[in-house]
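Here chain A shows up in two complexes: once beside chain B, once beside chain C.
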Partner chain A sequence: MSASTLRIALVGNPNCGKTALFNQLTGGRQKVANYAGVTIERKEGRFVAPSGRTLQILDLPGTYSFDANSPDEQITRDVLEGNYPGEAAPDLIICVADATNLRLHLRFVLEVKRLGRPVVLALNMMDAARRRNIEIDVPELQRLLGMPVVETVAVKRGGALALIQRVDGEMPVASAAVVDNPASRADLHAQVRDILAATVTMPRQTAALDDALDRWALHPVFGLAILAVVMFLVFQAVYSIGKPLTDAIGDGFGWMGEHVSAWLPAGPLQSLINDGLFGGLGTVIGFLPEILVLFFFILALEESGYLPRAAFLLDRLMMSVGLTGRSFIPLLSSFACAIPGIMGTRSIQDPRDRLATILVAPLMTCSARLPVYALLIGAFIPMHHVLGIFNLQGLVLFALYAAGILGAMAVGWVIKRIHRDKSEHALLMELPSYRMPKVRDIAIGLWERGAIFLKRLTGVILALTVIMWAISTFPSPPAGATGPAIDYSLAGYMGRGLQYIFAPLGFNWQISLSLIPAFAARETAVAALATVYAVGGDAGTGGLAHALTANFSLASALSLLVWFAFAPQCMSTLAVIRRETNSWRNVAISFSYMFAVAYAASLLTYQIARLLA
Partner chain B sequence: MTMGLLVQYVVIGLLVLVSVLVVFRKLAPKLTNRWLAVASIRLSRPEQASWLRVVGRRLQPKQATGNCSDGCDTCGACGPKPPATATKMMPLEFRARVK
Partner chain C sequence: MVDRVHDAHAADPIAQRLRDLGFVDGEPVRVVAIGPLGADPLLIQIGSTRFALRRSEAARVTVRQEAA
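The block that comes next holds the complex of A and B.
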């Protein structure tokens, strides 16, 4: 590191805008949302200040004090105190505080000051403070705190210019370090009250709009009804908006496949491109619009500040099944992917609650399962309307998501019953102000989700599709063979071997085979099925959906949907469980119970559906 | 076998080989990186042909820099491990407000 590089740490209470400020300063695109606990690791970025000096910025997880209770808070404390392995203490600390809630945030500012390092206070969300007629005497605040104070609006372009000028200028003088112990911290609240009395005028403690909305959103009955309606509408929209776009992309790829095949000479390469790439990958990419519609709503809810309210509403329910309201946000993240959800459990302080959340997070329906659901629902569930407004396909999708949630609650309940520690832990959570979601932030979020999906598609899914095509094509059938060529391929033999295990669930050999690549990436099950049916010559002109309805019963389709709702997660998820819990035993427990639940639920579904049919 | 067909099989063979490597790297990133590092060191030796040294440099595994909190595709390169020891519980103390 060059001598002119200044190491700066961004710290503050959760949800005060540290990561938004980090993105402003470094041009980064780290995830931001309107609730506490989004950042659970230290993140690093650089930018060159107007003076030409390189500034290295560390974004640290939010914490309310140095009494670290959870693993993410511990990271912040260790970095600031210079105890983090392989990392020196920062040269300058930027303490970020929410200007609309200084009553809560100033205490941590005073704690940071006692470290005896140069500190700058960034009064963030000044626009919101002005809207609420909160007046802050900044020069007086600066004098009383004994540190430079600058106003920022981290979510607005150019909202951090004053801060950049300040950190690029003269280094602030550090206060004398104070030996930290509980007794020396006793008077911090009194100091905060004195400072606020001298510098801040607030017409109201909370925003009037928040109070009005919360009267409904947090109502024990209406609040739950609103939450149910919101989630229901999201899943309806996934089908109503996403399906036409998905069909258009599918048709487009079919058309391209036909034209490219006509141009290529006949042979194995033509089969690979037509059956593998256009047939397999083309089917998966068609589900991008539905994934983006789902994420549009998740991002909008994250930005709005509604999600912590949902956590608050569900706390009692979650506590009764051995989880906590704090589990809600990690579980919600798991709808994108179980991996950030499992990592998000670092904000849960209690080890039992954290482990329970880690074990149930994979039951939340991740976005990788959406293509499988969309394919099977599109193929087997008619596009009927229920009560004139709800479409049946959307209802089935909602039911599958609900099955994952109910499954998680059931598993949580069982964990609570068998765990020795049956105590209940109260939820303490800060409810942020409501905020109108910003179009730019949602657009960036969607772009990133789309990019992640496409990167997976052109990486591991493409690779698995090529392998699936190869094992479905080779070895060639022996001389005099009478059955379809694919029956003599490696895929044919493997699939028929696996069918012994999965036949009671109604899975044919093609479905059984597709479960193997799904272990690396869920969406690959769709690509694998498309490739196997295309190579086998069963896909015809109607695409994969047509091939499935021709070769598959409704009972088998329902059984497969249920399998994917509960089935053991992908390899990456198991690896993260190992990493976060430091235990192979927990990986084995997670894999085994999910396999058992998925097998039993699919078996029941298939046998009941067959009887009813 | 015609020349055209032979070329097709060679192309397919290479594609399958690369695909197996990509999948193996996804499923066993540490092991793959170790193998790639060994191969990279061997190929980068000064006595090797220049084109082999270029291949060797290309095979050098990238350093892990990302983190997993922003999506599931970044998880080949996660950030630091969380502290292994459980943190001690801090009881809540409620105090009457001083007026």
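The block that comes next holds the complex of A and C.
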């Protein structure tokens, strides 16, 4: 780090556009969305200013005040006061404020000013302010605040040029530090009121569009109906848009596998490439389109500002099962992956609400389960149309998602029963203005998710697939053996051992075996089954779906679907629970309750389905 | 218009947070929407910001009729 490096921290109220500005400045690709509390950790980036100086930018979680009461707000406070371990206080603070919401945001600006450090105010979302005919007298604001004020539009290319120039220029003079106490804080509101009266004219308090949309979106009856329709459409779309693409990719890999192996001499290498790589990995990669469709909707919803509305509508319901409306967004992100979901719970102030949310988050159907669901549904559930518009496969998928949600509610309710504390839990959640999702942000988000998926595929999933192939191939059957070769392999023995545990659920030994790699990454169950059946020679030309329908019953398939809905899976999730709660006890609790629930639910499903069949 | 925010108990963090968010004497407030179940939570507009508050939180804020 050179001596001329300037250390700059971005601070401000939640959802004022700090991270968008950070991305503008550093060319970074941090996640932005339209709700309070997207950024939960400090993030760092750097760029070289026109003067040649290196600027090191720190993006911090948003906070309403220094009276921090959630873990992410605490980080912001510690960094600014120079109390963050291993980090000196920043040289310069850029305080970001939403120009359409200065009454709230200016108070924090004043609070930051009292730290007695150099501050520049970035008036962000100036485009929205102009659209709403909000007039701000910037020179006067600058004079009253005693700090430089720069207009920015963080979501537009080049919207932060003025800010870069200002930051790169002369260092602003710090004002005197003021000791923070509740009495002096009460004055801040009076100061804000005076400043606003002198500098800002607002034709109306809120955007007319927001009022109009919220009349419907938050309506007690229509609001819930809209929410249900939105969620349902998302899952239908995953199936009807993603599925045909998935099939095309699967066929493509099957064709490639055949042609490549035609060039290879028969033997272990050919078997590895055809059965292990094309059979196993090819099946998993086919699910990329479905995952991307799901993420497209989640990202668009995040950007639009609709999610906090959904949280508002569902707060009472979630409270009755021991959660909070604030759990909604972490739980919704858990549909993508439980790991960011569990990390997102940092924006829940209340420790008990937070723990409850962490414990139920893995029950939300994450995108890694989608390949397993899609495979089994595609193989076992007929492509009927119900009531003319819904397709039966889509309905089953929806039911599985619903099972996860109902399971989470039940678990939340039990946790609430066990922890009978009567203390109060706050909601206190800001509802942002609606915003049109930006194509660029969604594209970046999709690209990143796709890249993560492919990285997992070529890393852990590839390794596990090769191991699965190896244990299904070796040791070779003894001379004179009569059964299929795979019965004598290590995989055969392990699978049959596990079958003692899982036979009551209707799992054959191949399924039981595939549960082991699924614990590392759920998608691998698909690859493992594909490999085992391909090595066993059952796959034939019809692919994995055919091999499955030929080898086990509908009851087993349903039971396996239910198992995946509830089972404690993916080591990474357990590792994140350990990191976020700092306790092995919570890891043990979530593992064992999920195992018990999954076992019981699968057992019931299998036995009932067998009776009905 | 807000009259004042009461502490429900000593050193009440929720009351402090409400005050930080701008629920202070003389600030106009308005109920924008109510939740679908049990009319809870409430969506309160203060200035140009909208906050979702549960009834128990909102109960800390006493209001008075705006002088005409």
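The criterion applied here is as follows: the second predicted complex is superposed on the first by the 609 of 613 C-alpha atoms of A that agree within 3 Å, B and C clash if a C-alpha of one lies under 4 Å from a C-alpha of the other, contacts with A are read in each partner's own complex, and residues count from 1 in each chain.
Here is the rule we go by: a residue touches a chain if its C-beta (ideal position, glycine included) is under 8 Å from a C-beta of that chain, and two chains touch if they have at least 3 such contacts.
Being a predicted model, the structure only gives us computed values, none of them experimental.
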item	value
Most chain A residues touched (candidates chain B, chain C)	B
Partner chain in contact with A:M429 - chain B first, chain C second, else both or neither	second
First, second, both or neither for A:D67, with chain B first and chain C second	both
First, second, both or neither for A:L218, with chain B first and chain C second	second
Which superposed partner A:V466 touches (first chain B, second chain C, both, neither)	first
Partner chain(s) touched by A:D315 [first = chain B, second = chain C, both, neither]	second
Partner chain in contact with A:K43 - chain B first, chain C second, else both or neither	first
Touching partner for A:G325 - first (chain B), second (chain C), both, neither	second
First, second, both or neither for A:R107, with chain B first and chain C second	second
Common ground on chain A, meaning residues reached by chain C in one complex and by chain B in the other	67, 69, 426, 428
Of all residues in chain B, those that touch chain A in their complex	4-5, 8-9, 11-12, 15-16, 18-20, 22-23, 26-27, 67-73, 75, 78-84, 86-87, 89-90, 92, 98
Of all residues in chain C, those that touch chain A in their complex	8, 13-14, 16-22, 24, 27, 32-38, 40-41, 43, 45-54, 56-57
Chain A - residues contacting chain C, complex	64-65, 67, 69, 100-101, 103-104, 107, 182, 185-186, 189, 202, 205-206, 214, 218-221, 223-224, 308, 311-313, 315-317, 319, 325, 424, 426-431
Partner chain B, residues of chain A touching it in the complex	30-31, 38-43, 67-72, 74-75, 85, 190, 265, 267-269, 272, 336-340, 343-344, 346, 349-351, 366, 368, 426, 428, 448-449, 452, 455-456, 459-460, 462-464, 466-467, 470, 520-521, 571-572, 575-576, 579-580, 582
